[in-house]
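Dumping the structure here so I can ask a few things about it.
Chain lettering (A, B and C) follows the sequence in which the chains are written, and residue indices restart at 1 in each chain.
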Amino acid sequence: MMVRAIIRVEDLRKSYQELEIIKGISLTVREQEVVVIIGPSGTGKSTLLRCINLLTRPDSGRIWLKEQEITAPYTDEDKVRQRIGMVFQDFNLFNHLTALQNVTIGLNKVLRMDIREARQKGLWELERVDLADKAASYPAQLSGGQKQRVAIARALALNPDVMLFDEPTSALDPELIGEVLGVMQKLAREGMTMLVVTHEMGFAREVSDRIVFMENGVILEEGPSRQMFYAPKFPRTREFLGKISELYGENRPGEI
Amino acid sequence: MEFLKDLIFLINYLLQGTGVTLGVTLIALSMGFLFGTLLAVMRVYGSKPVARFAAVYSTLIRAVPVVVLIFILFFVIAKIVDLSPFLSGALALGFASAAYQSEVFRGAILSIPAGQMLAARAIGMSRLKAIRYIILPQAIRLAIPPWSNEAAIVLKDSSLVFVIGVPEILRRAQYVSARTLEPFIAFGAAAAIYFALTFLANRSLDFFERRYRILM
Amino acid sequence: MKRRSSILILFIIATLLIAGCQQQAAAPEQGYLGTIKEKGTLVVGTSADYPPYESVDPTGSFVGFDIDLITEIGKRMGVEVEVKDMAFDALIAAVQEKKVDVVIAAMQASPEREEKVDFSIPYHFQKDAFIVAGDSTLALNSPMDAAGHSIGVQTGTIQEKWVLDNLVPKGTSENQIFRYERVDQGALDVAAGRVEILFINADPAQKMADDLGLKVALVTSETVIGGQSIALPEGETALKAELDKYINELENEGFIQQLQEKWGIP
């Protein structure tokens, strides 16, 4: 059975000045697949995500979103980004808009949906992340976990083909991490295609289909999560997994 | 009693210039707002030559006394386009205010976290839409306190339009002072009117600031 | 105050240089006079803060010696007179740029102004006055006695130029010269003891001195170069001839004498 690829990356390279951040990465994310990228900080995981939704222009290499090569010249980048949801480490909610408006502004201004319809869809998306009661709250009135869930709803509202998560729980207080991971797990169950950069090993082991271990701008090892956790090929992978599990804790009480 | 009657008469006479003062101020401020916002956006988000143009405009205009701008509009530009003294004066103040307001808005835009732009682009907004719907609404709110300062300055600078014969409050005070040789009373009354206008303007801007304050 | 007006003067010179093109007049033989008659209105520039020549009365109308005179001239020319008030410094540029047709503002025809505009024959000769504080012991027997003393003048006036040309070489330093936008500001400074002498046109001097408890130390014609004239655009000989004709007429009829008495002008 050949499941079709949603994201396909081929020999991607990116440098900032003299420093090469990504040194030739190829990666495929298939439909309904949840792929977790792990690795030490500064190895280009975030840059890889930003290249995939074209917030950063790669120096070379090609990227496909479904059948479309989005690195091709004259690609409408705004159209591409509408189809790729992005969740940031520090939420980046629009501070002057309520939770509901954060979700509807893309529908209204980007997809040109009329206000009433956008509102309905927005409320439904907030319901999905269990925040319908906070629709009228401004970001400053929300906890970190609530902010991140609104950010997820904002991305989901545009019905993206794939969701990218860039360390979505790293800026959260420990007690708030669970609610965000819970939402992500629910999304995964619903069949959303997801590419997640995270240090949450519990989530990686329980939810992901595949784990990609990145170091120094290359993929050192990738494979089904079970294999990566219990029988990694490289000693370096094992060492990193051991360290990270120790640091962040593998199991979080009550969740996952 | 006689004195009181004279004073009421004087204030009433000066108040007739208030329409001109307010008209010049409002035109100059709105024009400065539109043009100043545009310049600020050009400066922060524009390509090199565009940003450079906006920076040069701001530096140049701020270096030139407003009176000279008024003269340029009235004597040079008005040769090409038909401009009344009132409009020449109001537009000159508008061009000047645009330069100052562009600095105010530039500062405000730069203080908006970079993540806001990133997140706007990530949901498929074009740069222009992101600026229009995400960056500017926040920047303008942040800019209200320095902006109210600029509004007070423009209100007072509006007295400069008298040089080309637009009789606003201050020029009327000069008429009275020249006739009565009582400058303290004439200019004191003018000062009181300016104070009242500035006070009202500041209070309403304070209200807007509180009303639209963004919690960060 | 000082700096602003020197920038203004600089700018007026600059506009002169830029202002290359001049509009064509309607009737060629009459030049600009034809244009004025055609539109039926004579637009007169003045700076209405100089009583008794020009000021604004409590009802907001322009009044004064100059205003009465130009109104009568307009009547004889068969046109309406419309007065436009602006800063004295802007008047010459306003004539050059045809923002106004003529200027009547107790203005004397100095060589500098003659380079930019033309002038009618003088309609009035006036004297200059030196005003000092009521208790001043300063003895001014001739204008040159003012050298070395602090002196106030109105910006952009003939008096200011006379001080620069005559007193400065005789020992008055630049920071002893106080320039005012309006003469009454100077009079107040003399009363307050900030300036020793105020050097202005003689006409408003006595009233001003009486009002503020000052004294007129010297009235002289030695400092006066020319009389007051009406300024008009350069090269408009037909307009100049028309203005000159009516000034002569009014002088001969005794009308100007009557106006002087009406406004208390010596």
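As a convention for this text, contacts are C-beta pairs under 8 Å (C-beta built on N, C-alpha and C of every residue); 3 or more make two chains touch, one makes a residue touch a chain.
Note that the coordinates shown come from a computational prediction; the quantities given were computed from them, not determined experimentally.
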| item | value |
| --- | --- |
| Identifier of the chain whose CA centre is least distant from the whole-structure CA centre | B |
| Label of the chain whose CA centroid is most distant from the centroid of chain A | C |
| Whole-Å separation of chain centres (CA-atom averages), chain A against chain B | 46 |
| Whole-Å separation of chain centres (CA-atom averages), chain A against chain C | 79 |
| Approximate Å spacing (C-alpha centroids) for the pair chain B, chain C | 34 |
| Partner chain A, residues of chain B touching it in the complex | 113, 115-116, 118-126, 129, 133-134, 137-138, 141, 214-216 |
| Of chain A, residues touching chain B in the complex | 53, 55, 78-79, 81-82, 84-86, 88, 90-96, 105-106, 109-110, 138-141, 151, 154-155, 158 |
| Chain C contact footprint on chain B (complex, rising order) | 9, 13, 16, 65, 67-68, 71-72, 74-76, 78-79, 85, 162-165, 167, 171-172, 174-175, 177-179, 181, 183 |
| Residue ranges of chain C touching chain B (in the complex, touch as defined) | 4, 7-8, 11-12, 15, 18-19, 21, 45, 48-51, 55-58, 60, 84-87, 89-90, 93-94, 97, 99, 182, 184-185, 187-188, 208, 211-212 |
